[in-house]
């Protein structure tokens, strides 16, 4: 018998600190798989965010850089410009990328930096215990929207980062996928691979937005969290390849 | 004989520090006229940016607040939320609004703050002596793009702020106008008035982007600067009402 | 809040939030960060109930500048964060000071530098007392050593802020923010002076000349004058607002100086030393700026040894040195979540005696 | 650059930019702000010519974090700004210090607080020397008093940064940044130690274990240890890198202490005083952190009066007080663009004598 | 029929009013105003049609336009 | 025909693999693993079709799937 | 005398509420409690813990030195905290989730199948209250049964939860008394 | 001896280049110059200025106390700086853009129609070089004519600009010499 599915080489044998059923775990593996498949482990430099994935470097077995909360794409810009032959990517949560770091995100994309961005949309701030994220759904209760997010209370609308960035000339590839089931996970893997390949081909900025379960903050069983993505999240965040060039 | 055109009451009798032919002077008058026409001088609170218009409060005769560079819409949010019965607007340059302050701009718009934003696009940083702005045209030479802005050098593309913000649900009115000739100036006045009326009607966030001449940085005679708007700028920044609701 | 005999069991973070509401804070904007998340969550719930304004800002920068706006509009406004987030607010705090706008900023300190960790720390003392932002300004800064005092000092901060037209920092540490203990809810700040009105506030130029709120003074000499005026304010604050607390100092021959949660830990050490018949006392600064140098000099008169204890590598010690230039000052400190424990303080002092 | 006898006429801003290039600065990111715009414009032009990287960042925050990335990648990296922009970089500087990344940060100081103005100032001394960011860290900081020295200190800063793995601040004031005077272009920093290699740099995990650049230490005790290690570095810097310059101190009975452009102005005052047969001397700190306390104590031995002169309301004076606790220290300062002039310094000293 | 009045010392001499006046009757003065610039002035007062173009384009609000009512 | 192998002590018991296995032959153990949780295990090893769904959804990379080649 | 109590288990096992309950009851009895939780990222996916100190009078230091009492609801908690326990520390351990015996022999460990007992009360989530019952049965001098019941009555205004918690508390008490008896 | 020179006029009148030219020429002659410009927003729409100090040896203080020489190209410049000029300060003023006589009687003012003279040289922009000619004619001890010409030859590699500037410089010199002669 031969192995058909097994732990990618770029994923260390450590077990993670993530909650049971957390999407970060799946995504870490997908990123590691992509890197192994493309054979770029020795060329890759990842940027870990400030968010639940802050210690991603404890799990990935390649070079990783920390970035201050929200500034991953600025840090990535600094690295990639100095080392244009390396493959540089960021891994960022929705709070990190779309709230505090939105200016850095937007401008890196607009400069068309040769970067890959893995954007984890879990509709909340996981690490700090479940506050509203820019992507929190309308009506969703969080620690800072105890009555459910409501634009009428001045809490804003869920931000569709992918659609916005797709409008920028520097951006070559944008897709939104989810982790809600095996099929979508395969699709996510495909899009992440494309986002990395694009960088190898120097096509410009690529981003994959992944709807990812956070059972803890959502206060749902892991399977229910998956279902909630399929049933609720995708309404606000339609899946698909949004831009390809 | 009766006065047909004269200095609005909300514009002080002081002469400005602006360079000859500077669009800020025209726009200051248009804002003051609008406020007078709507009869809201005693209700208005303006936010002056950091940019050439930093001392707008020396020229306007109503309450004005300073804001740190880029943070005008955050300051405006604080004021408007505390004084929902007042009419609060920001007056911001392209560096201020779209570069350093882009996150604040974007999020205030996304929250649908009941604010009016007068956005002065002069394709450069005027106050600091003519560096690249996010709106600088491709090929345009500035102090920091001595070879002409070039996306291939990683200097990014001119950002179409209006189109981007128009995509947000909290935004009710967006128009792009210019100061290139009397007709466009009248149109600008109309749009600014609409942007203020919207706030009176609590319709959400309104923004008018005005293509405005900066003869000094552009190193053009004032009239040539006007022509450059008509001939070059509008190609990158098409005029028109972009969103109305 | 579970209440018994008017004492409630409440955390420092919640007590500070509730005190802000009691102090008529009208506007709060904040951004999540550990270990102050309970504060922002509490405000999210309570401000709405009180018909006041709560905003989860997109960032710390946005939050401090929203506070700038709310304060310019004449309302009591507050923000809170923890160390890295407070670093991001430095420009805004400098602007508040320059524009002479009252505001309350709570820092529930954690371990640094950089991302550091989320354990308790006292490593932002320099930042707080020496104007982490640019320019010649100071912010009054109060450090609570108990949950109840955390509430009190928030109340006091609002009054000091309004009276002197200045941003005020409440410098708590993660221990104070996170721990729950019995506390009497705050009603009054204890600040005696009458609150001035706010004729400078922005409210529309109705029946008065236009108001301008600003920190920019381009004309030659004007900013210099402005700084001279600000200096008078700092001097007044230095004169009037030094606060401290002492414990068993009357007959003490050696003195521990510590603030915040570390002062409580030091107090236990003093008790242990007393049991060992060592005449130790505790000086606890409450106002970190202005530093209670008068009080310290007074207390230290008959003191032979001084030990400064901090959850840092040594920051407040500079103020102790500046206050007591003729004395030999010793230090015990740990940073990055390390906490000098009672027995360590005891040993350190025993070594000196 | 107009050249004669190997001296060129150049501004401080340009000299610093050119020195960075001479020091093999590979990456520069900055954001415009007066009075350092000439520096960023110069870099925009020259870095391209040198086949190096120039980025006009979208903000100061982005710039400092880009520098973080470039440095993590193992390259010499620099950013520059002026006071308000430097406040915005505080979080980033704290991260650099925490992650032990070398970087050079130039601050061409202007008047504060808040937006202040664009005249010369020295009001960011506290921010620079007391870690304006959160956490227990220090950044070596060098203050040039001439255009030539501005270049030299930038060169030196790159070496110090690499050697100690730390961000270094060049604290210039607007006068130094803006003025042109004859200067010899810098070739060498004068730093004697051998530069260490950068095995920690991120370059892909090829033939080695994966590298991690970080300032986060969650596990209990790890951040405390990290801080202890950092402390050793600060202590080493304190021991090795104190720098200063003196003028006519050998027989002096009264001493002026001043840095940056103010030191030059004070030097003129010393000359005037000497003409009046008053034995004045000048102590000019070059390293503001570590403060040259050893040198100052040495020089001050026979000094009766000390006058500290700053373009601020009194910041460096604290370090003079801490260095000379037994001496009576006097102060002359102005903030917000005010500059103590030679005659004012003369008068202030005459009053003391 | 209209009339234009120009606050001489407020004028920065940008000449925008001159360029946009449809009846081309605004000109630059020979003398300098207080600011030291050659300012805009009406050549022939009677030629103004009160269109307001000069007013609209003037960055310094130097002009007032009158009409017969 | 396939075979699934599960690293017992890495499992956090989220049950996603169990939910998504098309042949429904993964179950939760009665015993606890080192982490103190009930872990996923194969009820009948022969039932695995090597579809990899369990592998794909597992956040903790606990599973390996083998096929006959 | 200050009693130091450590409580630890999975998030969701009600460790924090139990800690707060202990502190609240102490306050009700006019004692001085301090409660200190673990917080933030530490809690993610792992073991949560909190500390409670209870004394007759004001407690200066909020630090826990060595717990006198430890309530340990799962194996990782035992692994993490065993070393720091005071000599003769009373450890109330959840035998349902603990797979190995402690290494230390100088502690008093009381094991009970807390999960099973909770289920018997009709709610898996009241394992914490079972532990409370055991604690009070073993250390009646710490807090009074009556105050605890009073507290439970206030905390769960009515209905099933209240009943389940009271059941759980009593079950814990009985467990000890049965063993004693 | 340190000579303090103030130069002021509209932006675009070449004030900054003239200042830098003075400093460059001084350096060429082995003297020690300091040049200090006005910068930033101050310059917008108004009057630009710069200072030059020239000495035989190192100059410590970069500050200008009271100018010995002032080159004043427009009225606002005169308004702004008149008060601070040293007694007997030599003021070279542009009569084309100056509309009132100075209030101070203790300064030496030399007026010349610099704009007109520049136009005569074929370029309105060389008014600054005309002023330089006047200055050097009046203060030959400050800088040598030869070094200036050398400097001009280097600064304008060739062509029209060079010719115009040399013309302008000579015109300035002649203006003084004619008046003297």
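As written, the chain order gives the labels A, B, C, D, E, F, G and H, with residue 1 at the start of each chain.
As a convention for this text, contacts are C-beta pairs under 8 Å (C-beta built on N, C-alpha and C of every residue); 3 or more make two chains touch, one makes a residue touch a chain.
Quantities reported herein were computed from a predicted structural model and do not represent experimental measurements.
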{"item": "Steps in the shortest chain-to-chain touch route ending at chain H and beginning at chain B", "value": "1"}
{"item": "Best-connected chain pair, where connection means C-beta pairs in contact", "value": "C-D"}
{"item": "Euclidean distance of C-alpha centroids - chain C vs chain D, Å", "value": "29"}
{"item": "Interchain centroid distance [CA atoms averaged], chain B/chain G, Å", "value": "62"}
{"item": "Centroid distance [mean C-alpha coordinates] between chain F and chain A, Å", "value": "26"}
{"item": "Rounded Å distance, chain A centre to chain B centre (Cα mean)", "value": "35"}
{"item": "For chain D, residues that touch 2 or more chains besides their own", "value": "34, 37, 55, 58-59, 61, 84, 91, 95, 99, 114-115, 118, 214-216, 218"}
{"item": "Two or more partner chains touched - positions in chain A", "value": "16, 18-20, 22, 54, 66, 68, 81, 99-100, 102-103, 107, 127-129, 134, 154-155"}
{"item": "Residues of chain F whose C-beta touches two or more other chains", "value": "12"}
{"item": "Chain-chain contacts as defined at top", "value": "A-B, A-C, A-D, A-F, A-G, B-C, B-D, B-E, B-H, C-D, C-G, D-H, E-H, F-G"}
{"item": "Residue numbers on chain D that touch chain C, as the complex places them", "value": "61, 83-84, 86-88, 90-91, 94-99, 109, 111-119, 121, 123-124, 126-127, 130-137, 214-218, 220-227, 230-231, 234, 312-313, 315, 318, 321-322, 325-326, 334-338"}
{"item": "Complex interface listing, chain A residues touching chain D", "value": "41-45, 47-48, 54-55, 57, 60-68, 71, 74-83, 86, 103-104, 107"}
{"item": "Touching residues on chain E, where the partner in the complex is chain B", "value": "2-3, 10, 12-16, 19-20, 37, 50-53, 55-61, 63-69"}
{"item": "Partner chain E, residues of chain B touching it in the complex", "value": "1-7, 11, 15-16, 18-26, 29, 179, 181-182, 185-186, 215, 221-223, 226"}
{"item": "Interfacial residue positions of chain B with respect to chain H in the complex", "value": "16-20, 22, 52, 54, 126-129, 216"}
